[in-house]
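Please find the structures below.
Consider the two complexes below, in which subunit A is the common component and subunit B and subunit C are the respective partners.
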Partner chain A sequence: MSAAPPAEREAPVSRTPGETGIWIFVLGDMVVFAVCFVVLAVTYAHDRAAYAADQQALHLGLGIVNTVVLVTTSLTMALAVRAARLARPRTAVRLVVATMAGAVVFAAVKVVEYTDLVVAGHTARSDDFFLYYFCFTGLHLLHVVIGLAVLGGVLRIVRRPVLGRADLSLVESGASYWHMVDLLWLVLFGLLYTLG
Partner chain B sequence: MPAVVDRTLIAVWAALLVATAVSVGVHEGLGPGPTTVLVVVAVAFVKIWLVGRYFMELRHAPAVLRRLFDAYVVVVPVVLAVVLLA
Partner chain C sequence: MTTVRAARERDVAAVTPRGLTEHRVQTWCVWSAPLFVALLFGALLVAGWVPPPSPSQTPGQVAAMYAEHTDLKRLAFVLLFLGGGMSAAFVAAIDHRLEQIPGARALARLQVIGGTLGVFAVVLPAIVFMVAAYRPERNPEITQALHDLAFIPFIGNLVPFLIQAIAIGVAVLMQDPERPVLPRWVGFYNLWTAFLTLPGLLLIFFRTGAFAWNGVLVFWVVATVFGGWFLVMFWVLRDVLRAEAR
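Moving on, here comes the complex of A and B:
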């Protein structure tokens, strides 16, 4: 497997970033979450005052922290792909590790949030808002945990000194998955924390 | 040797943070209401579009993929706005 020179790998004119299969999965998952978003919108429209009151129980500061963390991991992952293309394994490894560290921070903050809510008496059984809050952020957290495994796989690839096209395609696929985890959170954060 | 750090990617990251600050600011400043709803939904999907176009590199992707993503970024927020403001 021979690696193309860095200049050739840069700035492709028109090509699918990663495997075609990952894009079927990403778009499919985005549609599933679109249904979740609409469910939240219906819950809001049904009783705006209750939605706003429940939202007050969420920790906006922690939601903002997690948003900054995920957006930053999306940047480090995009830069990791660049480093891999430019055949800079040490930089790529550092960037993927930084992305994974961010994923762990995100998950830890989420666990703190869940604990605080349950201690304060807000559970999935409380009402529709909290049912959907726990379900949808839980589904998203599952994506973060799967993402950690995906990033672990990417880490094994970018460690190699020379990457072929197939390797780079796998790195791009892992990155596309991680960016999806980021963008789904951006909408969940907006609807759950800042709507009411 | 080209640098790993890319100005466009950094600018997009900064824009995503500013956008987050805008929606939180409107939420805190205006409180509940149609303006907050519209700003929050619009900002969220502008952010998604930025992530897709620049981080996911859809600007270099085949037209079909770009169009599917663009359709999502237009249709979903419109549906959400209609339901939220109904």
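Moving on, here comes the complex of A and C:
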């Protein structure tokens, strides 16, 4: 391996990952979730005792499992982007598949949680806490499902031996979306499972 | 590509015997968007419906609401009616651009279909509101039924807009990056907007809370996103038109 000439080394310039357009989507989505978070905070402030009582019905253990799973997928996704940049397709493919597997685990755990709650008699009709619990985590789960499709697209790209600038940009866009899904869950988890 | 550009130049240069240029007609169509927003939200203000009336009102309360300032409400519904028609011109303005994107013919048609249904999504509730306000002294339960029949589709009839925004989003993202007709971010913006209006579909399940037709996630988020979409698209199309005239 020959040493790269100094001129080819890129100076650390400020750069937006992925294409600029994806950030309109990401930031816009975060604004809407911010409204959801305020709705939760207002529900909590309105009747703290009821909020805390309802929270007892949630399975904190499963919530923690899902949080760990999702944070891990953020790591595998970041490593996948790195592998793609370094032109290591096999590593990148493995890491993207690991990320997708994490997403599937997350969705499966969520389904177990929903079933558990409904069997115990807690539905979106029960009260405000459960209404927002089901709607907001459902909206988030929809993001995870869309994320799975996005990751599928990323997988098709990183499989190729050589990636162009536009390909890398698409991979970064997908990763940015996935990190947002993770970030939104962290706040949702905090508000739904631990506030109170 | 050259034929598209030639056609565009011909369009801009086309002058009718009365001196109405294609460019001027396009400008009017583009300006219909802020007019639409002004009429739509103006109508809500004139009706005294900002914030909107609660869906948990009793029939008596609904009837009393229509009996009060009845003529102002009728005026509001006429404004809403006119506003719905106004949005048709903007659909034409968007179509003009989508037609210029090579390969996006079907999507351009789809945008027109969504936009045309969107005119109905405003005009039909306006007509039912007019009917409700026509005889405020009638049996309150009938007035409430008409009020629901107008308000639920007025806030909740999002499918036409979904069709329109998704068609624009896909058409813009499929453009040749070297020769974009519309900026690429507009594609992501339209897909995001389509996604954001989805909570509106939950409104029939609730009469109180964030998902009711006057709730923060249904009325306020959807109204902001929907109104904002017309203003952003207006600004984008006006810029394209100005660049073309230069």
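A few comments on the model shown:
The rule we apply is simple: the second predicted complex is superposed on the first by the 184 of 196 C-alpha atoms of A that agree within 3 Å, B and C clash if a C-alpha of one lies under 4 Å from a C-alpha of the other, contacts with A are read in each partner's own complex, and residues count from 1 in each chain.
Rule of thumb we're sticking to: a residue touches a chain if its C-beta (ideal position, glycine included) is under 8 Å from a C-beta of that chain, and two chains touch if they have at least 3 such contacts.
All values derive from a computational prediction rather than experimental measurement.
Contacts of A:Arg88 after superposition: subunit B is touched, whereas subunit C is not reached. In the superposed pair of complexes, A:Cys36 makes contact with subunit C only, with no contact to subunit B. Contacts of A:Gly28 after superposition: subunit C is touched, whereas subunit B is not reached. Look at A:Cys135: by the touch rule set out above, it reaches subunit C but stays clear of subunit B.
Subunit A has more of its residues touched by B than by the other of subunit B and subunit C. When the two complexes are overlaid on their common chain A, residue A:Tyr114 makes contact with neither subunit B nor subunit C.
Judged by the touch definition given at the top, the superposed model places A:His179 against subunit B, while subunit C stays out of reach.
In the superposition on chain A, contact is made by A:Thr194 with subunit B only, not with subunit C.
38 are the residues of subunit A that lie in the contact sets of both subunit B and subunit C, per the superposition on chain A. On the subunit C side of its complex with subunit A, the touching residues are 177, 184-185, 187-189, 191-192, 195-196, 199, 202, 209-211, 216-217, 220-221. For subunit A in complex with subunit B, the residues that touch the partner chain are 6, 10-17, 23, 27, 30-31, 34, 37-38, 41-42, 44-45, 48, 52, 60, 64, 67-68, 71-72, 74-75, 77-79, 82-83, 86, 88, 91, 95, 172, 175-176, 179-180, 182-183, 186-187, 189-191, 193-196.
On the side of subunit A, the complex with subunit C involves touching residues 19-22, 24-25, 28-29, 32, 35-36, 38-39, 128, 131-132, 135, 139, 166.
Every residue of subunit B that touches subunit A in the complex is listed here, in rising order: 1-2, 4-6, 9-10, 12-13, 16-17, 20, 23-24, 26-27, 32, 36-37, 40-41, 43-45, 47-48, 51-52, 54-58, 60-63, 65, 68-69, 72, 76, 79-80, 83-86.
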